[in-house]
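Labels run A, B, C and D following the written order; every chain starts at residue 1.
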């Protein structure tokens, strides 16, 4: 980034905020359409009953929970990148941190929707809120679902605050470079930030604590998600490795999603100088690492199942590999642990197309991993007489479509109206870079 | 709020919130003028008699606010001793059936016109009058088996209309049995058997646990004979080409070739003679037998029947050595030559093995013996064609369905100048082709009398106000059958009179007593006259026949169904919804094929195949199982109606369409099997509505059995460990907690810890419990599509497991909520919808449930059921709903509650009487109805209670106990015996 | 007190800012603040600021959250006093999760509150003496002096090689 | 000044060696005495625990350098060089492992049990073959990494011992450019990290988890290697602190180094606790006896529950609250103490995991005695000796600041 200057950074990023063209609104409309389809499907389900989905006995949880876990997973890398890498002072995070955090916030919103969607009586959902009520009925704080409620809401709050705190100086910067309406709005949003040293002094400290707190949080949240299953006693669910394994998986999928989002963004917004190939390479390398962890977890699960000599476990994993859902299993192994290994070759790492495709492959694989775990466990559980299979219904696909559309709808809106790269942090990096050069 | 108050609400959850989840049922109180014996909220019980099949079990009808909501067996009744089969339970869905006719309908130029009852009855009166005037025998009548009183009335009326008495039509007429009895025992009827006193039972395919003569009666008799008594068990051999439910309960199933039972039976006679049985028979007769059975050498028998030598020898040894041997004949419908020969041989065998025939009861004979032979029925219709008649009265019979391949019947009914009247409450196939359909009162609404066995008195009385304005058939006959001088002014009086005359129920007191008890069971009748020894020449004609084995390698056989009997049950949603005990398939009627046959034919499960015989063809999906001999195709009878209401129509296939309606010359009965059939793949497949995932249990400890030999106390119990194989029994009581392996502290219960013991050795898999549960707990009926999706709602289901070692061996496992002490479902619910009650029950609070379905996900037994939709109870089926139990709405989880409403009721009684609940005072619906007492319910904390005694049984275990959920449902291993 | 004149010198690079600050500190002009587009360590070091107090807010939040979380879980379960799955009514092991999440949440709240109160946000008074360029590529050093010293301060800044902005 | 500074240091080291060797001797003596005593299994137990502990320390410490290189982290500075010195313990560790074979009768309780088919995996020949191979690979990779890493640090104008000379010649033969070397480091390092995960999983399953052959926990392997890294960092900090204290201001190890590695240490303290809790929670919640019995014996029932609490407090609660304050992290002395205590705590943790299975008769009291301590001292001596030797051969790893 030698040729970068403060001015250039400002320029590149502010250029992205110019009034959008027609096709942009076209895309927005299409996405909105998708959202509406999803909404319609959900409404239908609420009035007819969960039965319009494909779930049954024994498989009571279907794509709703799969998507829930999938989106929570996506959400994780955002915090990872902005918090953990911030603590490790890895400079390459700065160009993608903002977009990643944004992704996090939106992904958590989407994820948060699914537990509602999958409820049989969503109109009674307030039973889960720990609010004093006249009948003195409280939720059960032993239930993993309550852990979820707490963890996810915490995560949403924290990541949003974290995200907004990061945005603050940039909002101010935009305020200073805009007029009339936009100025008015951003003036309010900026809360009067001027980058005075008193402000920076507290800001830097606060931001550090944010990072320090977000890191254990991000780990705990996906551990909690994993406990929705691991705390059960169902073979294939009840295993101690789940928490770290899910965290790794989450980061894995999240990083892949970062690539999926960043590569087009980089192209469209001409970020090549800021999001350099170096940055993408580093993401790719991290993906290799997480991929290996996930692979290790797959292996361990199988080994222990075999080692345990517990016929229920053995059967569960035999079936996972050779049973009705073996394709899902093959997908998950190939896409999540094999495909990323291609990143070991510099050639692959540095070709944008390859990066993009593999990132998509990984997202696909991670979805299937959740399928294999969530459906597989109960479909082939303890009582053989209750074994069964599950296939999603059209309604479920509709809702899934809606969810994806909603995510991209929000994201596309964001990148066009807010700085999708942190100007401040870029300048900081630039300054430090200069410092090192000196 | 403290725990007690909450639990109050919790308890009420099942009672007072009956309208909580659903829009309230309109007019829960369906009566305006309340009868004296009705107290709101209190059930009233009316003793009556079940008329779902000719067996005639005694029942108690539970009436709440004027509606019958549940039927239970009458404990005083000698036939069923308080038990009931699933068909009996489902009788309710007859009276409340949404397709039940509200008014008579008259066919005018092909269209059905409703008309008033009086109008309809007068039409009949007029028609009858005209016919009678025309001359001899112009009025004909075909009726189902009815009580003597009604039958006499029919006869009287018909004679009055100078016609012949009515003919009793039963699809299952037991012709060959009757013939055999007539020829050997000299009784042209159906004797009953003291099965309970036998020490070895050999059956040649009689499905006495399903439909044969009197299933409930023989179910408890069989279990009495077959139960484990001081380390010993009597033997039961089933010899049949298809392993029916009865066969599945046999110690040894001898899978013989189709139509080879006779060979075996005769072979056994020969064996018996060889070892010098039957010495006290007349010499001539002995000689006759000797020569008649000469050809049936062991080699020939084995060759023809293809049963393994080892088993055959075991059978011979056991049978010949037995003290009280009992051999019973063929299944319901096997009236072809083979069937007749078998039954003859069976009777002879009994005669040889036990010359006094101690186990055969000639006095109390089954009423169904009144049924006319198939040949007579055919002759009846034939004569309608030849001689012609003006009026044909059909009382609740459906010949069009039961004899689909017989054209004479159709012709006769379609005949223009014959006016056909159908006394039927449903538009079944026969009614469709009648001219006038006149609904009459159904058994639960009427005064009547029906002794399942002569001379037993068993009464019927109205257990509820009538649903329609229909009058009783008796009254119709009194009105229509007599010009001016009816024998009585209404049927009730007629009934009283005839009971007084026939059974000496003279004074009012006796009458009331009889009604209250549901009958007069203490009648002493003189022994039937002594038999004369059979005369050889009557037998020779038949026994000498030796038909060559059929050429075709494929034979076909239709089995009477425990669910639908002869087809009359097909419009009861419960019976359709509860899967077949052996195939575990609901709503559909697959054709059952042996794997080898399937392989040979290149057929796989769920393929739709075309079956073709000389009489007809049909297409059916395939179910592959080892429970049938290779080369035999089996379908169960009862489904595949063209009409008969929404539930029966288009459900399953009617196998009778493949069979001849003709009768066997010797027995006069029809065979339900054919030696010639061709099978063809259609290329299509049909998803079977199966409710079972895997047939074998993959080495898991769900349904366990133990060898009789291993029950010996001298053998020390194996040492326990922590794995599935050797985990100890951990009672759901504080003593069940071991600090070395339980993280959780033990918790106490208040006075009661409800638990159930399920004796797999007693369970015959009949599914009565499941039906009772449907009736008691307002379970939703989901229909075939939902079942295919895996969304059936049964709280109690009888799972069947084939043994990996020998796939033809089956164990039945009643599966219901295990009410674990460490219930995995409870912890994971975010809102405490399921929780542990102070009496140990795993409560489910429907109002609190938000439908996360986490509980069922985490249930290791998968016994929780989720309401995927709002289930429908089309009017007036909703009148059957039990007001003590919530009707669950969509999005709510539900499951077995141990019939908490009954527990609550018992609590109230006990509280009023200031005492504890007595052991046995609470019986959940399933426990109450189980014909073999396989289920026992009680309080584990009471050391005297039966459950507490039973859990000390060495056979006691818990399903996959090693998961350490400490279930309160404790199973007793099934006892298998190898000899 | 006589009216003051606020003047901001806008610099392009940190080092000159640092030197400017140092000299300003010696000079008779009143140094008020520096506005920078990003937190510059050099400048921060030059200003020799003492450590921010935000951490204490975070800590308090955390402690409250921990207590609150456990408290809530324990209180709720004792309200019901029901046994589920055989677990004791107060099961500490799982409650750790509730406690933990609450800790994080509350400490973040604490953190935000600390941040806002310490940095005195939101408030638009900051914009009184402020130049938009300071969020771009300029570092604005704001100083004040009596009106008559205005020119001196101006040229002081110019000497440092900064553009000067005078607030009327 | 640096020159003679080094000289003196080298001299001091050489004196030290005697101390170390004496420690070793004591340990060995105690061990042999124990073997001939009434409870040879107790001696072997101590041996096994120490083998696991010290090997893990060495492996974990080396991991630090590899990780730092892979992540291109600039802050580690001289620390990564220092961590490489732990490779010196690898050969010793390997020999120690081979010696375990002699005690197989005492350290594998499952030898006398019915394993329900687990024999396929749990049998002496297979176990030793696979673990030998695993450790061999790990150590070779470790040295391979070291070999390349040293090349960048070594300065030629040092007293050349024979070993150094041979290494020099090797480098000469394939003279590479620094960037080339870095790439090779990346490969060796990456492989080392991979092998570390796999081999330590294996060791964890084979030598700790399988001691109760009926118990399983899928996370156990990962738990073991996280613990190893936790200990490795601890040891590294101790070493660094010692050197800092010896060298004083002249040292290139400054406060920020200690602060950073302190943070990392803190993170792994949390991670270790997390991995512990994750297993506990799942097993507690499921309450399936196959899993619970193992945990209950060690955490709930006397006498082990006291030990469990000690371990938990010493290895997590204590360090957590102390390390919260960043001031602490920068103080070498404090860090030295904390890390030492934690390592002792983790020694006890090994005892907690192994002893209930190994010494069955110990149901009343925790089998812990002086002999255990002495044997451990012996191992400490070995470790110190190894590192001392390394630093003697490659003094530049602890080079002091160039005098300004």
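To be clear about the criterion, a residue touches a chain if its C-beta (ideal position, glycine included) is under 8 Å from a C-beta of that chain, and two chains touch if they have at least 3 such contacts.
Keep in mind the model is a prediction, meaning the values are calculated, not measured.
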Pair joined by the larger number of C-beta contacts - B-D, A-D: A-D
Chain whose Cα centroid lies nearest the overall Cα centroid: A
Centre distance in Å when chain B and chain D are each reduced to the mean of their C-alpha atoms: 72
Inter-centroid spacing, chain D versus chain A (mean Cα positions, whole Å): 36
Length of the line joining the C-alpha centres of chain B and chain C, rounded to whole Å: 82
For chain A paired with chain C, centre-to-centre distance based on mean C-alpha positions, whole Å: 30
Sites on chain A at which at least two other chains make contact: 136, 139-140, 142, 146, 216, 227, 231-233, 310
For chain B, residues that touch 2 or more chains besides their own: 1, 723, 742, 744, 822, 824, 827-829, 832, 963
In chain C, residues with contacts to at least two other chains: 79-80, 84-87, 94, 97
Touch list for chain D against partner chain C, complex: 277, 280-281, 284-285, 287
Sites on chain A touched by chain D in the complex: 87-90, 216, 219, 223, 227, 230-233, 238-244, 292, 296, 300-301, 304, 307-310
Touching residues on chain A, where the partner in the complex is chain C: 5-7, 10, 130, 136, 138-142, 146-147, 150-151, 154, 157-158, 161-162, 165, 169, 172-173, 175-177, 187, 191-206, 209-210, 213, 216-217, 220, 224, 227, 423-425, 427-428, 431
Residue ranges of chain C in contact with chain D within the complex: 86, 93-94, 96-97
Complex interface listing, chain D residues touching chain B: 116, 214, 284-285, 287-290, 292-293, 296-297, 300-301
